[in-house]
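Each remark here refers to the structure printed beneath this line.
Labels run A, B and C following the written order; every chain starts at residue 1.
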Amino acid sequence: MRKIAIVAQAQIMSGSIGVPRERMLFDLVKGLYDNVGITRHDIGTFVLCSNDFEVGHTIANVFEDTPVGAYMKDETHVEADGMWAASYAAMRLMSGNYDTALVVGNSAGATTFRPYLVMDYQLNPTYDRQMGLLNELSTAALQAKAYLDKYGASEDDLNEIAARLLRNAAMNPNAVQSKAGATAGDVLASEYLYEPLRQLQCYPRTDGACAMILASEERAKELTDKPVWIKGMGNSVESYYLGERDLASSRSTKMAAERAFKMAGLSDPAKQVDVAEVGAKFAHQEPILTEAIGLFAEGSAAKVAQSGAADIGGPMPVCPSGGGIGAYCFSAAGLVRIADCVRQLQGLAGDAQVSGAKTAVAHGQDGFCAQHNAVMVLSTEEG
Amino acid sequence: MSAQQERIVANVVVPLDFPYNYRVGPYIERYIKGLGEKKILGVKCPGDASVIVPPRKICGKCNAEMSEWVEVGPEGTIENYTIGHVNLNLGLVEKADTEYVLALIKLDGATSLIPAVVKGVAPTDVEKGMKVKAVFKDPAEDSLADLSHFELAG
Amino acid sequence: MRNVGIISVGYTPVFVSKRKDVNIPEMINEAVDAAFRNANLTPDDIDAITFGNMQTFEGVNLPHLWATEYCKALDKPYIRISTGGTTGMSTLQAAYYHVASGMHDVVMAVTWEKQSEGDSQVGLSGIVMPEAMTMVQHGMDLFGGKGMGFGGGGSTGAAAYQAMSYLHHSGASPEHIDKMASLERSNAALNPYAHLRKKTTVEDVQATPFIAWPLRFGHTCPTSDGATVAILASEDKVEKIADAVAWINGVACCTTDPATGNFIEGQITDPAEQEGAKIAAAKAYAMAGIKDPKKEIDMAELYNGFAHQSLMWLEKLGLCDEGQAHVMLDRGALNIDGELPTNASGGVFSTNAIGASAMNRPTECALQIMRKIEGGHQIPKKIKNAVSHGWGGMFQYVTVTVLGDEPRHG
């Protein structure tokens, strides 16, 4: 199969972007083109990612195409988390029909539309929406409780994870929420929403966009001397019905990771992966996701994190960017995870740099309690 | 230029209000009828014999259509729960007047769990494994709300 | 490049105004089951699933996640595509790329709409609603000078402007729109999966009132509840599992500017220009090795929400010279037994479950090529090459898929 690399990425995340969406997209994407030294005419295909309910009208991309340079170009639109847009763009390149792709995801969940409402509309109208019991927070809490109960982890473990992410976020210029020197005590002091879920264990409302340029082998090497190769991709989905899922684990993430690792030729991810960026929206989702990906033994990740195993300097760094607790932008989040891996692999992560990082895993999710998950393996090595 | 002409508008709030009218489908129709008779109905999968509540047509795991109806409950067991300190109102988080118990309940005879509020027990006393029983609305209103909530059984 | 073909098509048993007997995922499941039946395959044979619809029409966000089990998607790679009216073809093209990439061999594309459950204005006007209401709040007069897009109601207003411009540039008359409408409704009468199936004469069309001149009610499409599913396979899989195939030889798309353009400056682009269609068609033909579409293309399925668009798209897609479509219509060339049967299915004009409408175009071409059309609208002559066309957004997205009876790549 044709080799595909990420050439460059750009992201902007904010608690209040302060400009219209079209301006945000134009500035970000034009800046990306300028940095790489190309124009929109050098892009073969555009894959956009945004959400009708969040933008407040049907056909979310109608006003987004022109600002990103897709006018009179080959362009399509994914309505899911941004990682699906990236993997679809990669497939378009792998077909041989194109040599370059621009992928861009965006939303304005802080200032335009309430993100919890975006999730509410995912509830089935025939039952759950009428019953009014399930929402993003109540379901997250049930998932957290299931994990704590099954593996004997504690609320302090979750607070510790959130604190670590807040500290990491303080080193991320794109974080919307952060606290240098954050402790588990800081998280404990935040309000309960649905027990055991506390406010500082949750993602912040985020405006933003993330864009990246993908290219096939020859083109990638022309555009950058640090291509980040997409070695493997996989995604999988579980049942919508929460009452039939094991909320303490993530079956679909496990399958997605297995598919991605198989494609990448990785047999021992815990050893072979240098850094992971998982799209956990809540602190408790991080251990569920990292265990499913195979980075930690089942049931161990929350407790292991207490010993620094997931720290930037630790044996298995997770979310040096601060992850979803630092910023979580609907439709862009998975792209941000990829972008943060690219920063790591290109040596551009500043104070949060994992030294010598060569292989990274990025993850994105959709649906309640991560019903739908995607995993991407990235590497500096072409192979 | 007058002061009025200098005013710059940065934000507008645009309320959108579109009514939707959903068919719930034959399975939920029959389920609601059952609630009106103070019965909780599920369907049994011919593939793996799991009993699904609320009922639906397809079992994705077994690639099977479920058409065998089974009455379950009205008692069940709390398998998982959370204590709500807030409510979500159209996406806005609001502090709840009192804390409440939202549980995932395994009804006797069912395989799947259904979410429901459990009343009549202090949130601090709730434990996984507690037996609960369904409380129905009386008189019935022909809606999903006819299964009102659960209380401790016995 | 890998060869990919359509090996099976599944439709809901009917496309009608209101499916009151099923809910959304139950309806989708009917078409999924039909596709499996027609292919003699099971979910185990499917490697990945693409899914598309216009979600504001039903008010359910990311509905593919609710419909997972009904699409038999559990544990499978799954993705949602959404590009307005052309969602159906974009979803099919996504399935195409899943196979063409080399990552998957057999992929299912699921498209649908259940518009009866929502307010149609959500889709048709809702696209401009937030901007429109913003302007109204600031005292802008939307129904006077700048009101082009909104006068006549949503997309019909803009379509009327397009029709006017088309008639002017092509030399066609309003009677030609009536004739095309009659032709396609009569085709639909032969198609058991069409929505509006009443044989319709030119006089019948002319008896319907105007919405916005020159467009009458008799020139506009319905809104339908229905679903369309296609199963695609790579060449080596086709040999193993399929008894018939329609090869996808050319895929392309092009995005132009939203029809209402810049709200301050007014309309930028004449909506009858459709430069994007010319670009997309040229790319798709080139990919398919079609050098002279006028000669080599045997049939067309065009996305026509309004009857004048069939004539317009024939010209924009290079199937005839500009100003010649109505001439072909007059001599019967566009009839099912003519030299370029156009919308033998009745087109979007007769059946419009919006999320599926742009996929019905290539699935109808595929069924024609495989000679698996149910009903009376099977085109008598052999189909070697077919062009299907999809259209969406605010008059701005065009997708084109060229199908053939033989593979062109590999």
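Assume a contact is a pair of C-beta atoms (placed from the backbone, for glycine too) under 8 Å apart; a residue touches a chain by one contact, two chains touch by 3 or more.
In this text the structure is predicted, and so the values were computed from the model without any measurement.
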| item | value |
| --- | --- |
| Comparison of B-C and A-B by number of C-beta pairs in contact, larger one | A-B |
| Farthest chain (mean CA position) relative to subunit B | C |
| Centroid distance [mean C-alpha coordinates] between subunit C and subunit A, Å | 33 |
| Subunit B-subunit C separation of Cα centroids, rounded to whole Å | 38 |
| Euclidean distance of C-alpha centroids - subunit A vs subunit B, Å | 29 |
| Shared-contact residues (touching 2 or more other chains) in subunit A | 56, 118, 125-126, 239 |
| Junction residues of subunit C, two or more chains touched | 23-24, 59, 68-69, 73-74, 122, 126, 129-130 |
| For subunit B, residues that touch 2 or more chains besides their own | 14, 16, 20, 22, 24-25, 28, 60-61 |
| Complex contacts: residues of subunit A adjacent to subunit B | 56, 113-118, 120, 125-128, 130-131, 133-138, 141-142, 145-146, 149, 191-197, 239, 241-244, 247 |
| Interfacial residue positions of subunit A with respect to subunit C in the complex | 1-2, 46, 51-53, 56-63, 65-66, 70-80, 84, 87-88, 90-92, 94-97, 118-119, 121-122, 124-126, 233-240, 251-252, 255, 259, 263, 366-367, 371-372 |
| Touch list for subunit C against partner subunit B, complex | 19-26, 29, 42-43, 58-59, 68-70, 72-74, 116-119, 121-122, 126, 129-130, 133-134, 137-138 |
| Residue ranges of subunit B touching subunit C (in the complex, touch as defined) | 9, 12, 14, 16, 18-28, 56-61, 63 |
| Interfacial residue positions of subunit C with respect to subunit A in the complex | 1-2, 23-24, 54-57, 59-62, 65-69, 73-84, 90, 93-94, 97-98, 100-103, 122-123, 126-131, 251-258, 275-276, 279, 283, 287, 392-394, 396-397 |
